[in-house]
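Accompanying notes for the structure given below.
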């Protein structure tokens, strides 16, 4: 069985002025893989996935997505962004647009889809995240969990092959976390390639093929979930896991 | 019984309100009394002058007032108040300037269409808003054709325009032209490209750093020097150039405030969906930023509307200029207060209306966001 | 190969940005070049000479309101300085008066007395919604309709208000007055240090001193004391009505008073709004917290509310000062000889050097604006919170 490498990070480094956020990051993601990234705040995990669709520029090393290298080349950036979806901690829905317009916006303007068709696509994804009845509402009228599901639908509407999740449940009230995780699990079962930054270890155990622990800008540990949780190699991982699992 | 009880309670309510707001302490009571006396003095003086002992179209003898010598106060000094006949006599000039009176219907036509042209911009929940907005874009062409003339209508040169017509023309056109310019300036000021950013900063800060009158002078004296022979804009157009540049700088700052208020996540979300800079700006950033910026934009518009009065200094006859011209006329001279109070009232109505609108928007913005 | 190079240039983030900027600056340069060419051509065709040599030519007109001597034989350059000083004079006096009036009205707007605060509200709405130019002209025409000098209205015995302006006593400084002036300055410096040392003492001993009272007394009484020691080296020359005019004293021209009234009444309305919202912005919680700590209400105002309110008030206050300064250019409408009226108006008409003169006038205003901003920014920094709050 041949595996296709969809994301390759090779010796990626990034600085904010003097602050070295990413240090020699190497990472290979295969098609259909689900990778969960955890680590203390400020460890660079968000920055790493934000580099993958160039919301942040890395300073050296190479990032290749689907065989296209991310450089200053705007065409390449466009290609990659079309194939990589992203879900944010703060949802970042467009408050001035209705739910359906939020979802159909990119298909209409980026994919040049006719409006009617784009709205059909949008409705289909709304059904997938189980809130088709909210289509005409505005983001401000929805609960956090609903907003995040709309945000997922919005990303999916561009039909990406890779989804990035940047702490998707951190801004949610506890009772809403499950509805978002359920959607993500469903997505995983359908074979989507996913990179998820999260502290939801239950979710990680169910879904992840690979666990990554980051600290101080480095990937400290990368392992299969059963190894990662049962016998972590690094002391820092052990400490982190003990803090996060026994709070 | 019950109705009596309610009456008692409501009487109590008023009584309590008066005590609480006017007589809560000795000093408060004293202030209230002094304020009442002050109000009575000022109010009775002004009302007496402006209404009760004023002339409107006839004097105390019942004669029609045809020039200032017929004013009651000039016949019996010290006995009578304002002589509003000057406003009636000069009404056409206040409204149209020297626009030929047989053509004044054209100006009236444009005045009548103006509310229709702006209502679509002002309120977002009116029926058929889309068509009102379409009309907004057609309106300038209709207005130009009606006011200036063209096929089928005699040409009325802008040197004949005056009064409220000039005030509104400069205000509305200046704001309309400044708006797109100010968006470009505001976006430019937030650009990552250093040259574009600094050009915009220098332009905005230069315009904001000098008085409007110097810009009007510059446009008036220097615009003809800058341009080739054939092109010679008339005085009104020169003033319009200055007013537009002036307004665009102030508006750009208001819009920049709106742009700064948009969370970075909005841009990131749009980018991650694959929208490019212009799509992100047009579809995501501007609709939100402008909504936030409208109250401060309206405030700059109020400022501009008042500032159009400065054009009298470069020899245009706006509302105030027409007023001064009326006072310079020997038949009506010396009726300063009547003229200035009237013009103040016109400006007040427009500006107060705009500031109420701005307040309404601010309130609406707050409820929309909560 | 070639197409990929072009593609690289157009689609590379950095080179595209460079390309766009080069294009913009190029267009801008062409635009400026065309205007300069055309202007040079137009100037030559109309026989207008250019350059700044006119500054040394005699102006040939008189300026009645002036802080430094000026006759029609003096140069245009001197006319410039006369105008500049008049602009600064009206701007400083205007800002001063507008601040006092604005703070007063702003505080009245927060009065618990309904009638009182609504009178202030009506004042604010009526003055800020009528053009300042119209107000200046209105106040000026009221001043011009005051009684003639012969029937001038006396105020405090020695001041006389008439249609020619306000006649007031003029000070005559005799020998030794400079010592009085210096004692005043020294008193201020001294109180500054005294305040510091008393504060330190308070920190050590906990005893509170009426610092404000002590310092006010020092500042007021030191010069008075010195004044009497020096044998009262200040006299006033009183204006006396002789025939149709006043002799002696000095006169404040109606143009100046009209400008001062117009600018400060108009600007005060805006200042009062910033003061009001500044004080409101200090949250009720802050006030309640300090009252809960047992601070008396005047201390709450002084220690808690005002320092926080100032932080909010100062930036908009700065822009009001800037507006007032720029509006002082409206003196031209009533003949107040400021920079725009004298140098920018009459000198321009006489010499025809429009470009040079407008450039000088604009740069002067820019410099004034910039200076005010810089000073207010420094002051603003000193009152802002430290940290991110």
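Each chain carries a letter (A, B and C) given by its place in the written order, and its residues are counted from 1.
By definition in this document, a contact is a pair of C-beta atoms (placed from the backbone, for glycine too) under 8 Å apart; a residue touches a chain by one contact, two chains touch by 3 or more.
Keep in mind it's a predicted model, so treat the numbers as computed, not measured.
Nearest to the overall CA centre, using the mean of each chain's CA atoms, is chain B.
Distance from chain B peaks, on a Cα-centroid basis, for A.
Chain A and chain C, compared by their mean Cα positions, are separated by 56 Å. For the pair chain B and chain C, the distance between C-alpha centroids works out to 26 Å. Between the CA-based centres of chain A and chain B the separation comes to 51 Å, rounded to the whole angstrom.
Chain A meets chain B in the complex at residues 53, 55, 78, 81-82, 84-86, 88, 90, 92-96, 105-106, 109-110, 140, 151, 154-155, 158.
Only residues 71-77 of chain A touch chain C when the two sit together in their complex. Residue ranges on chain B touching chain C, taken from their complex, read 21-22, 24, 28, 31-32, 35-36, 38-39, 192-196, 199, 206, 208-214, 217-218, 221-222, 224-228, 302, 306-307, 309-310, 312-313, 320, 324, 336-337, 340, 343-344, 347-348, 351-352, 355.
Looking at the complex, you find that chain C touches chain B at residues 17, 20-21, 24-25, 28, 35, 38-39, 42-43, 111-116, 119, 125-126, 128-134, 137-138, 141, 145, 326-327, 329-330, 332-333, 340, 344, 348, 354-355, 358, 361-362, 365-366, 369-370.
Contact residues on chain C toward chain A in their complex (touch as defined above): 7-8, 11-16.
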